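In the two complexes below, chain A is the common chain; its partner is chain B in one and chain C in the other.
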Partner chain A sequence: MAETIQGQGGLAIDVRQARYVYPSGNVVALGGVDLAVEHGEIIGIIGQNGSGKTTLTKLFNGLLKPTSGSVIINGIDTAKRTVQQMAPHVGYVFQNPNHQLFARTVQMELEFGPRNIGVPEDQIAERVAEAVEFFGLQEFVEEHPYRVSFPVRKLVGIASIVAMRPPIIIFDEPSTGQDHNTTHIINGLMRRLREQGTTVVCVSHDMPLLADVVERVIVMKSTEIIADASPREVFADKALMARTNLQAPQVTEIALETVVPLGGPVALTTEELAADIASRAGSKSKTSRSSATVR
Partner chain B sequence: MSMQAALPIAMIPGNSIIHRINPLAKLVWVVGYVVLAFSTQNIIILYSMAAFALLLAPIAGVTRPLLKGALILVPVGSSLLALQIIAPAVERPWTIVDQLGPLSLYGDGVYYGFVLLGRIVASLLLALIMVMTTHPSDLFTSFAKLKVPYTLNFMLAMTLQLIPVFQREVGIIMSAQKSRGMKGSGFSAVLPSFVPVFVGAIERVQQLSISLESRGFGSNGIKTSYRQVKGRPSDWVIGIIGVLVVAYLSTISIMRGTWSLATEITFSPLFVLVTFLVAASLFACVVLAAVLFSFKK
Partner chain C sequence: MPEPIIIFDDVTYTYPGTEEPALHSISFQIEPGEYVAILGLNGAGKTTTGLCVNGVVPTMLGGELTGKVTVGGLDVADYPVREMSKLVGMVFDNPEFQMSQMSAAEEVALGLENAGVPYEEMMRIIPETLELVGLAGFEERSPLALSGGQQQRLAIAAVLAMKPQILIMDEPTSNLDPIGKQEVFDMAAKLNRERGMTVIVIEHEVEVMARYADRVIVLEAGRIVMNGTPQEIFGRVDELAALKLRVPAAAELAKVLGSEYGLWKGPAPITTEPAVKAINELLGANRG
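For the complex of A and B:
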């Protein structure tokens, strides 16, 4: 029963011509989407509200079943499985942690998921301890989940999913309502999860966050995927950004206006842009200011 | 999880005569229907009331949703009739009209079963028509004219409006917990889903009260409503007719000792048998369907 973090070979996410039409009425929420994600990839999904991002991710863990087409996750066809059966394979971190916390202590909250998917008791303790360590929740273990601050609650929500050790984790708007510091922590967590071999899918409107973390961006518009490329390519495509009413990170826009015409990089982070500017300035006066401005 | 999951019984927008009647006049009729239904045992009156209510449905343009809402009567009605026939809620002696295996079917139960059913059908149909043709705000505006305290009125209105919000919330929470492998049924599912719902409800109400106060809720002065409700002469006429008819018929019923026609109307054994079989099998089907549905989930 206990799944290892490594996948079972093949693709992590294999969506073919998936369509989803809401049963009540004729609202098409997803119109024939193809998507292949390798194990260990870290991808971002962007698009305006109503473009089908959430519908697509809900197909991944079987909360929704495709009206037509197929969704194969970790080698398993979601159409024949319940959400509970998919839970060991796909973790889904909901936007609002208040929607899932209920236990008396953070510890018990973290134990809920692994116990549900049938992890043996001794391994539950081990997994929970690891998740606590990973998220730095040591001082909150005995606290009531609703007594801790909102950012910590968010981390508890994520930790409760990570403790189940799913090979694929979906984050729905992880940075909404979070301060800069927590966003930074969540950023780091996604990167570390990925280093451990977890496939990470992040749905977000937070372009700087995605530019910083993901290696591949899926752009959705009107229920379809219209672009699938590296963040550098996507954010450099002004026409695409305009067409989808999305805005590239400010630093990328500045880079596009300034250093890119001079042969500089399409910067995704302030550090990158600063380094390029510094190297250009440095050719005139060789000061070590660059590292000072970067931090 | 459909986003349009509103209440199964909600207002159907429209501009029919029934929609335009003053909410209070309609309320008089609904209350009158309940009073009359429970003061008489005359099935002719009861089923005339139900027929009258059904007649109003096409005028209001709510026939389909009304019949859909009235589906709740199938389990209620079928169990009521079946049980009354084998165990009447009237004084003994009972007269056995037929025998079905170990079960004795009593004639007295048939009449009384139809009375009970008639009461529910008549009251429910008219109440449903009222709910389906009245905007909640109009009802509360009318209450305000009756000098019902504004705060109380507002609480009632808010409670109704929060129901769909909570329904949606429950949907999200169930999805979140199922994603963590929660088994979607049984007692073990109660705690993980209801704690977040209640905590969310309390937080929402707290926020709502703050936002209300910041917009001057509870300040002095006369409250006006965005929606205006008129009390036209026709509304008065409808209301007064309702009161008079109900008063007249219920007074006669009470004076005649519930005006029961049980002795006048007798049912043939075949009719009793068929009624029992239909009612019992309908109820069995409903129970079976419910069980199968819960297993499928």
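For the complex of A and C:
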């Protein structure tokens, strides 16, 4: 088996008219969804619980097969593959690490994934050491995964997938139950995955996280995709936000009520908004930054 | 001035089998009817503080507690948790772990049965309590057929049935979607305002706490490092950043406008509306 599975095929994710109906009955969990994601894209999926987000992402790793339509991941039709066969191509980080972890120690947990997809032993050690370092898990490697605190366990769940280095990673609510400190680690991870060219799908209610890391937001409602645009475009669409009961980050809400009507940016960071306000307020102060720009 | 409903007097607590205390010499008081947010990194002692109030620490968990926790005039160490649950209700981040019964009504009845409340009284309390959390008419519904927000409100109903004076919520919405989150916080605010219930919320989302809390207590490594109104605490942007804690974006914005552009004087807004108002005045004044 190849050392690291590379991104292959035209698109990372190619979903065409995918529907999913639960076998038990007539409940449609996903309407006819079309979605194309290029290799290296970082996308967010938002929407209320029950809107179809999780069903869609479970189609990506082959856990669910579409009732009709097609799901091609990294050039491979998931309909013909098991979850096990998809594992080298797409990693899935569960919202609840308890649904994912099973080894006796954190170290063994991190080793399992790479070994399972056939990574050579010397490389496993290197990858695990790197993950331990990146996620700050040094003091926990010999602990049982269920003996560490929930936030640490959540990081172990993320690290165990990242160590497999799949070309596509799906995160289901990576930041829930995390403090600002761990959120920092997750943001740093997203930036690194971007540099490595990994395709990332992030299902989350955490709008500040998405504002910080994703370039494209998919909005779902009632089993369908109802919007697909940049975070700025999505947050600026008040009707869309209200219809889906979602709330933009506070800094963006402030921008929408202040500088946006004057032609200013749908700001995603306080620095960006402050610079725009300063340029408009004609700050004569010496501390005024020359870099203040209007976008 | 009413008697404080919660008094921590120089409380140090060490969990059994550990060396380092989880709480170090903690002292604070909470007045009846206050809405208090407890902030801090994971592991700072927030949940332990909550467990001291309902008596799980030290009565059920053991370990070593010095100092004194007084709740509703009672020394917590002297009363079983069963007694304390009539005074203090506590819910956690994962409501489904707290659900064990076949119906919402049975879920609410469980604590009442354990407390030996007569049947007729239970039949009166159950619908009353469900109504209080916005679940009127849900008596026969299976807890598993409820949304996350509804489940959390049911978990809260189950503790409210005991008619506690204090409600502690430990990251109550971290597993909920935005609608569920709103439902839970609106309900807690209503209990606080209309029923005078003392509410303590352990929470990472500072924007939400800036809107609801009367007071913010910040813990770091088992010690209280800040204790004041949201206005005071969230204005201390740099100090909180040093503690790796966020402040509401509104406060951060005012800070950047002040320190880097000389455009902000006076206290920082901590919620959206006052920030919008002040910025529009600033923009208007300079445009004219």
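Just so it is clear, the second predicted complex is superposed on the first by the 276 of 295 C-alpha atoms of A that agree within 3 Å, B and C clash if a C-alpha of one lies under 4 Å from a C-alpha of the other, contacts with A are read in each partner's own complex, and residues count from 1 in each chain.
Just so it is clear, a contact is a pair of C-beta atoms (placed from the backbone, for glycine too) under 8 Å apart; a residue touches a chain by one contact, two chains touch by 3 or more.
Computed from a prediction, not measured in an experiment: that's the story for all the values here.
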item: Partner chain(s) touched by A:S149 [first = chain B, second = chain C, both, neither]; value: second
item: Residue contacts on chain A - larger count, chain B or chain C; value: C
item: First, second, both or neither for A:Q17, with chain B first and chain C second; value: neither
item: Touching partner for A:E271 - first (chain B), second (chain C), both, neither; value: second
item: Touching partner for A:S68 - first (chain B), second (chain C), both, neither; value: neither
item: Chain B versus chain C as contact partner of A:Q123, first or second or both or neither; value: neither
item: In the complex, chain A residues that touch chain C; value: 48-50, 95, 149, 151, 176-182, 184, 205, 208, 245-247, 249-251, 253-254, 257-259, 262, 270-271, 273-274, 277-278, 280-283, 285-289
item: Chain B residues touching chain A - in the complex, by the definition given at the top; value: 1-5, 169, 172-173, 175-184, 191-196, 199-200, 203
item: Residue ranges of chain C touching chain A (in the complex, touch as defined); value: 40-43, 93, 147-148, 171, 174-182, 204, 207, 244-246, 248-250, 252-253, 256-257, 259-263, 272, 275-276, 279-280, 282-283, 285-287
item: Partner chain B, residues of chain A touching it in the complex; value: 22-25, 58, 61, 63, 82-84, 87-88, 90-92, 94, 96, 98-102, 112-113, 116-117, 146, 160-161, 164
